[in-house]
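Sharing a structure with you now.
Read from first to last, the chains carry the letters A, B, C and D; within each, the first residue is number 1.
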Amino acid sequence: MTFAGTFIVEDSLQADDQKLKYKIRLPWYRSLPLSSVTNLEVGLDGVPVDSKNLRVELNGKILSLEEFEPLWDEYWFVQDNATILIEGHPALGDAVEVRTRINLRSPYIMVAPDQPLITNTDVTTTFPVKGAN
Amino acid sequence: MATTQPPQQPKLGLTFYSLTNEWVSGKYDLESLVKRVAEAGIGPGVEIVGFATIRSFPEVSSDFVKSWRDLLDKYELEPSCLAINIDSALRRDRMLTEDEAADYLLRQLESAHKLGFPTVRTQMGATPGVIAKVVPTAEKYGIKMGMEIHAPEGAASPSVLRVREAYEKIGSPVLGFTPDFSSTMHSLPPGQIEAFIRDGMARELVADLNAAWRLEGTPLDRFEFFAEAAAAKGYRRNSIAHVQMGFNMFGREAVESWQDILPQVVHVHSKFYEIDEAGNEPSIDVPRIMELLVDGGYTGYVSSEWEGHVFREANEVDPIELIQRHHRLERRGIEAALQKQQKHQVSA
Amino acid sequence: MATTQPPQQPKLGLTFYSLTNEWVSGKYDLESLVKRVAEAGIGPGVEIVGFATIRSFPEVSSDFVKSWRDLLDKYELEPSCLAINIDSALRRDRMLTEDEAADYLLRQLESAHKLGFPTVRTQMGATPGVIAKVVPTAEKYGIKMGMEIHAPEGAASPSVLRVREAYEKIGSPVLGFTPDFSSTMHSLPPGQIEAFIRDGMARELVADLNAAWRLEGTPLDRFEFFAEAAAAKGYRRNSIAHVQMGFNMFGREAVESWQDILPQVVHVHSKFYEIDEAGNEPSIDVPRIMELLVDGGYTGYVSSEWEGHVFREANEVDPIELIQRHHRLERRGIEAALQKQQKHQVSA
Amino acid sequence: MTFAGTFIVEDSLQADDQKLKYKIRLPWYRSLPLSSVTNLEVGLDGVPVDSKNLRVELNGKILSLEEFEPLWDEYWFVQDNATILIEGHPALGDAVEVRTRINLRSPYIMVAPDQPLITNTDVTTTFPVKGAN
């Protein structure tokens, strides 16, 4: 699967003292309902980010992970990037190692009766640190 | 001068699914992709995945409809098939009811009609009840519904046999199948084997993998047979766990198995992974399957569906060029079949 | 307990011709080569080219005979076929007379007998007159003479049809054929195409080359068709002149063409060039030809004849490992044929 | 054809002021009668060697090119090297570029009735120059 290869948008990280953001692509070949995003985890230089400090900007909204669940009537279009927003991150050097893990629950591929396939994409990237706009 | 009819044969084309890497990374927009396809001569048939190509899917705006029709007219391409989905697990709290699932399909059929598609590709998730509910609309629009048969299923798998029974009961001329050649491969794709090795499988297990893959039995049984061979050579389970997908994604049914459903074929996914220097697909006998389609009188669209993007990175190969070479290979089979028919007519 | 007979099937093996690069550069002597073959399990049949393996050929010394027989006994291998030659242009001043040519063959038959070979491979150079002269000796020793059918000839080529007529006239049970699979390829070997490019052919001509190679007609006509396509794209003749050999060395007859001579097959050259990761030969449908041999009741030797050394440098690949993989591919075809026979017996 | 690849025996050149020698292999897969050698040409640093200064040592004999023709009853065994001998060569530097061209007339492969195939092997090698023994 080279969805891992396209998952993280290269060179997209921006940071200031308060927050950090970067972009990801949907690691799948078709748009999925937002309800498909069942899990999202981020680690910075090996330290997991608390989910209460984690938001996703998509379709003009800023969403916490729990807010994805009821949005089964709204789609993440395959060509749209989502922006990961992190509040209150630790001090960063010239570069930061970011691990991003997402689970997607397929609405249409069943591995057993009424049991959707869950995909797992887990990519670690080293970003140069630049100022946020 | 006598006028000669061109011989009856399938129409080639592609599904934009082949361009997944390029599409999701934004290399093309719709117009630049259609233009490239036209210039490369890999039409006339254009198949799209509704949920990949169209932002507003399952709905389509009248603006999109107009630009789509203008675009295909301008580049002299033809809409061949709209791949639609039955997202029965759309909600996290429960599965869709039959009415909801039928409504989900109907909205997509409506879009297919507006966009001028003669066929939609449906998937195994549609139950007989849901199919029965949408058939009147498909009949009204004259749109054929081709349920895709994909590895690990084949034309004679129990689940497909159940669909064939349901079809017989409903008895509508719009109901049919979309064979995907992933069901009838003779070998694992060499590039996939290399990817398995890159991801941790020992190279010395290649022969064991091929042998296990060629066994009869369920995908799981065959994978377990391979896992035992690996264990016997001292390899840990986690070094080969990723190989299991190869038993599901790639089917080893005989090419002839398509024969049973040939009269019901309304669209074709000519799945492929690689084309070698000699112009062959190393894991699928493309000419032989095309001969079978021609001999069976199939004159619908055949979408080249390149899925090598599951093991090739973007920019590593150009899917458009690969499809040009794939069309050449398909034409080899078509021409061989037509030549045989001609000889038969001459001698008859 | 009932004793079950092993099913009737061909015996595998190799010709040492496959090891040409290693042999001419002195990497192996006879003992080290035989040992390696035995350890690699690519017997039991061992075929040699008399004029390559034996220094004193066409004669053999009694010392050589003893060491040869001891060597094969020690490593449990079997002499399968002695490839002999009719050097009718031995002299520069004139061709050999029929008596001289017959004598040249008789000396080699004598050597085959001393070395224990059940079969000799002869070549198209033997005229009906010469064949008739040597048949009594071959009958006396019980040695079959298998005339090799190699590209650009096939089983139904005019020159081969003339041999078949001569055979019928002579009417001896020792007369037969050695099919070489170079006659029945479906594609040019990818490695050969790469070598053509390395030697100056433009890569953009690959599709034209494949298309021309697949045409019907004489090798020369098909090459000229390719040369015209190259000229139309602006490439000079001398950039593609070296490609002509591809139309002579690789034949495009149908696999089924062997059917006509199947009862007369006394030995087989299972010519091959490459084996890909999936275990297939990209230019020859090995399993299908093996099925045809099994279905035809052939139980003689099949020599793996690797000829990739014409485009691969020594040390680039190991022919012994390639032959191991080739045997696996051959067994796939044999087993498929035996399985079909078994099903037939059960259902009959 | 990689007979070109095995034709010249690596590092086999030896030279003194008077003569120069190096080894070649038969560029074919089976032994051939000596009568098959119809032509042999050698060039040193771009200068052709006069055939009267050229000899081949094989089967324990030293032969001029003309002497090959009648030897149809004697073979060049495929595993045997032949030594090329050159008398009176020009002055050499640390290395010499040697071009060797041989034509072999196949005794058994006809391209037309009674018309034997002629193969052409033409290889240029750069040898380091070492003293002759």
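Convention: a contact is a pair of C-beta atoms (placed from the backbone, for glycine too) under 8 Å apart; a residue touches a chain by one contact, two chains touch by 3 or more.
Just so you know, these numbers come straight off a predicted model, no measurement behind them.
Student: Between subunit C and subunit D, which partner chains are common?
Tutor: Neighbours common to subunit C and subunit D are absent.
Student: Over the chains that touch one another, what is the least number of steps taking subunit A to subunit D?
Tutor: 3
Student: If you average the CA coordinates per chain, which chain's centre is most distant from that of subunit B?
Tutor: Of all chains, D has its centre farthest from that of subunit B.
Student: Averaging only over C-alpha atoms, locate the centres of subunit A and subunit B and give their separation in whole Å.
Tutor: 30
Student: Taking the mean of the C-alpha atoms as each chain's centre, how many Å separate subunit B from subunit D?
Tutor: One centre to the other, that is 59 Å.
Student: Go ahead and note the Å separation of the Cα centroids belonging to subunit B and subunit C.
Tutor: The computed centroid separation for subunit B versus subunit C comes out at 40 Å.
Student: Could you classify the connectivity of these chains, where an edge means two chains touch, as line, ring, star, complete or other?
Tutor: Drawn as a graph, the chains make an open path, so a line.
Student: Every pair of chains that touch: which are they?
Tutor: Contact pairs between chains: A-B, B-C, C-D.
Student: Report the residues of subunit C in contact with subunit B in the complex, numbered from low to high.
Tutor: Spelled out, the residues of subunit C in touch with subunit B are 186-191, 193-194, 206-207, 210-211, 214, 276-280, 282-283, 325, 328, 332.
Student: What does subunit D use to touch subunit C in their complex?
Tutor: Per the stated touch rule, the residues are 1-2, 5-6, 25-26, 29-33, 35, 38, 69-70, 72, 75, 77-79, 105-108, 110, 114, 116.
Student: State the interface residues of subunit B toward subunit A in the complex, per the touch definition above.
Tutor: Result: residues 17, 20-21, 23-26, 49, 51-52, 55, 57, 85-92, 95, 123, 125, 309-314 of subunit B touch subunit A.
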